[in-house]
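What follows is a pair of complexes built around chain A, which joins chain B in one and chain C in the other.
What follows is the complex of A and B.
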């Protein structure tokens, strides 16, 4: 019996060795290529090519409402030369960063609870519930918020019932942030949860054995161990809210405007797609940079723990 | 064996399919009526819906193929991007007709084909639709823009001046329809400019300053749907530069809203029909315009589901008074007493127009700056 079990791994090994020897090199390349090609083709077709077109479009001109192919930097000069463009840009960055931080903070206790205080069955149910918001279109969910947040909405009706003054929520930045949370919160909780649930429990037990107080355990052990999920969650929140048009328009009342609204302004006025493309290229560049640095930070090797 | 059966089934299915396809033309040739002719139409939302055109389609055995646009700029862009003859009929706002003529996108029309005798004198040779003695577009409806307000927050007397927009009563509750032209236009009237769109640079600067000073009162900048829902919910209590085309729709739903034409004046919008350059069915297009200016078509366009409007023809007024006296009274299209034409006749109303001395881009740029204050 023993000899059989001992022999079989060796037999498999030698079989692979033989096949490696006989299969030609290029055939061995085909297998990984076959797996990698669809993704590369997809990315080229639906990201690189449109992005290239978008960049080309920024140099086109509009004559009598008609797009004319050209190589003219006029749109870059016009957009970057407008003072309000930069205030909208900074505002949108600040709002997206604020949303990413705030939503991460709100999501963390929830994800923590799911990961450490629920048994497997309850956890599965919770994850299912976190996915259900995606069954309904985001636009529909945002419109529903109007019924809650309006001056005569459900929340203010309740406040007035309790003898309080109504609070303006719709058409404010607060309204926009409610929409941002509607868009991102379930996703951020899921990402944080997946990171937290995979933390090596022995690290937490070790901290406890060494009499580390609970708060410090969270701060010094759990947060660093779950860094990848926490950073990715915040990054997704930034990316999704940075480009969002729906919440600032339908819950924020377009006041103050964000870059998404600025794009529609350009297309509505004089059919200025090239200028809208300048804004879009600026946004894509910003997002690529943010994603690059966030991923680098998330996967940075932990020097302290290794050294 | 199993393979053969499989092949046979596939063959059978294919033959059945081919049979069906072959029979297709025969079957469709069978109906008693000839296949309806197609008329293509480019317009604002709602003008090719059954409530407007069902009768015309039925009587003439026509099917109207519609393309809706949002805003004159988008209309010009759509026309610029499609080959001549794509649209047989084009519905436009008055201020864009001139641009369509300049871009050679619409046909010249023969005045005798249309019932101009039935038009109120003001509209028989309406500026903007005629270039000198040449007719390019036939007016079918119009409306006034002033100050729309929530009647639970403001009285009609309040709304008789645009000054109320700066009042504490509507702090944070002034809304804007997100289009520079009507907003700057009515504030220009408030500033005392007799021709609200023909402004010297000083006057234009004064209008901008006046609009910019409204910023602390502003709740938001809304598209068509946003204007409807914010007015309906009471979120917004005053919106300048819109009119019964919004509040009339909300009143049908029982909302407490109305439109006033303030003492300082209001604007007028006018929609008209033109025939697209290179139309393949100019006769049918002409028949459509004739229908929309006939009493039957006029009543339909006055009560259009999407947004109601006033009528430029006496025949239309009479037909509406006979068929729907309530709606005629609501819109002021009545035979005796003060009526909707009075405002126009006493000079309170000026046509909405493109800026005369500044470029459209400059106005639009100012609007973007206002939004970003």
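What follows is the complex of A and C.
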């Protein structure tokens, strides 16, 4: 028994492979393939190919409300040729970037508190509470925010009760950001918390022993050590808000639109699938670039801080 | 630990504020669902179960619930199966192109659901597979399988890798080792994955909205109410959906806790 557990998995594998040497090679492949293939086949057939088809679709045409296969750059020209699209594009990027930065900033003190000021039991409860929102409907929460933020909503009623002027919150950028925070604040806090809680505590002790003031400890020791989690949190916030059409529509008023709203309009109202596909391909390309640079940034600074 | 900083009051308050922000809409939705008034104003109207009664007598909502439940169940089973296969592959084998394999297995949740919805709609309608309940299952399995894979992979990484090899050396074929060693060990994570993926599918609105055609699910129904007028029915539906999801998650947690307690016990007796 001991000799088996002491072997590395690779060694065990090769040993069993030798003992099975009499079984034909093909038969030996059936077992691993049976487990590996379903996921590969499914995600190829229903994830990779549909995304590829989206690119093909951008070159198709709509004639008499019917899709016609073609190789025509007309949709790209129609979408990219309008300044309107670019203003929507830049606006969506700016809002997602703003949301990622703002939500990360808002989340950090909370994640810091959970990681460094709570004992184990309280921490587990706090994390459990943060997971709950994932199982409530985002749509219902957005609907409830409408009741809070509306011109005659609960917050304005309270303001008027206190003798203040009502404030327009629904159908403004502020409303959209409230929705964005509803969408990703718990996730960002969780991701930041997970990286903060894994920081080597002796680093912080060392900073304290060297009389580093608390603020500088946070900035010079804790933030760099948790860099990966912080960047990951911001990246997820960017990805989620960049593609969200619910908050901009139902809390932001939908006008001016975001790229997500543009897609629903092209698909649902205008029956312009190829143009919606152009927008979608642009979105995915942008997200791939953002994720690529985010990952590079996260790990580059990490390497330097270790060197 | 002795010189741990005292909890600063400001951070306490701040964190409380964050939790208030997170839970305000959840709690308020529940309160509104029991409020007699159509428009939520302060002070609240009387207590009433009217909106729940209305939801329960609405045939469209019943139909939506049955669509959602069916789609969630089928998605859960399918995604858990796919996820287990991939998790086991990642756990057991090294092979050329493994990182590409893991990438296509895990990437779908990072693509905006609206893009997934559009690509699914375009692709499935070419194959005449769109507009049906199984269209939702196909698309949701893509989205949910990575979550199932992550959960099951986590459990497999707790398994002594020599366990399976030992059973091979004792003469069990790989299929028998799978059935008597790997599957029993992974079972709790399979249940967790099943419940979690069902909950995700049950809540997903964007992809379902694109591909479902006339087969409205609950979240799609909510979306269409949202587009129309103010109706506290949404809060009642939200309450029911929340209860359903929480029940699934608690069930998954109970299974998980039980198995880890059993592990701890067997580890103790094993020593």
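General remarks:
Methods note: the second predicted complex is superposed on the first by the 251 of 307 C-alpha atoms of A that agree within 3 Å, B and C clash if a C-alpha of one lies under 4 Å from a C-alpha of the other, contacts with A are read in each partner's own complex, and residues count from 1 in each chain.
Just so we're on the same page, a contact is a pair of C-beta atoms (placed from the backbone, for glycine too) under 8 Å apart; a residue touches a chain by one contact, two chains touch by 3 or more.
A quick note: this is a predicted structure, and the numbers were derived from the prediction, not measured.
Residue contacts after overlaying the shared chain place A:256 against chain B, while chain C stays out of touching range. Of the two partner chains placed around the shared chain by superposition, neither chain B nor chain C is touched by A:81. In the superposed model, A:163 lies in contact with neither chain B nor chain C. With both structures placed on the common chain, the touch criterion links A:189 to chain C but leaves chain B unconnected. Using the contact criterion defined above for the overlaid structures, shared-chain residue A:277 touches chain C, although it does not reach chain B. By the touch criterion stated above, A:121 is placed in contact with neither chain B nor chain C. Residue contacts after overlaying the shared chain place A:65 against chain B, while chain C stays out of touching range. In the superposition on chain A, the chain among chain B and chain C reaching more residues of chain A is C. Overlap of the chain B and chain C contact sets on chain A: residues 146, 152, 250. Residues of chain B touching chain A in their complex: 70-71, 73-74, 76-77, 79-81, 103, 172, 175, 178, 180, 218-223, 226, 229-230, 233-236, 360-361, 364-365, 368-369, 371-372.
Residues 1, 4-5, 7, 9-10, 12-13, 15-16, 19, 31-32, 34-40, 42-44, 46-51, 53-54, 57, 106-107, 109-110, 112-114, 116-117, 129-130, 132-133, 135-148, 152, 154, 157-158, 181-182, 185-186, 189, 208, 214, 239, 242-246, 250, 260, 263-264, 267, 273, 276-277, 280, 283-284, 287, 291 of chain A touch chain C in their complex.
Across the complex, chain B is touched by residues 64-67, 82, 84, 87-88, 146, 150-153, 168, 170-171, 249-250, 252-257, 262, 265, 268-271 of chain A. Residue ranges on chain C touching chain A, taken from their complex, read 3-5, 7-8, 11-12, 14-15, 18-19, 21-26, 28-29, 32, 39-42, 81-86, 88-89, 92-94, 101, 104-105, 107-108, 110-115, 118-124, 126, 138-139, 141-142, 145, 149, 160-162, 165-166, 168-169, 174-175, 199, 203, 205-206, 210, 219, 222-223, 226, 230, 234-235, 237-238, 241-242, 245-246, 248-249.
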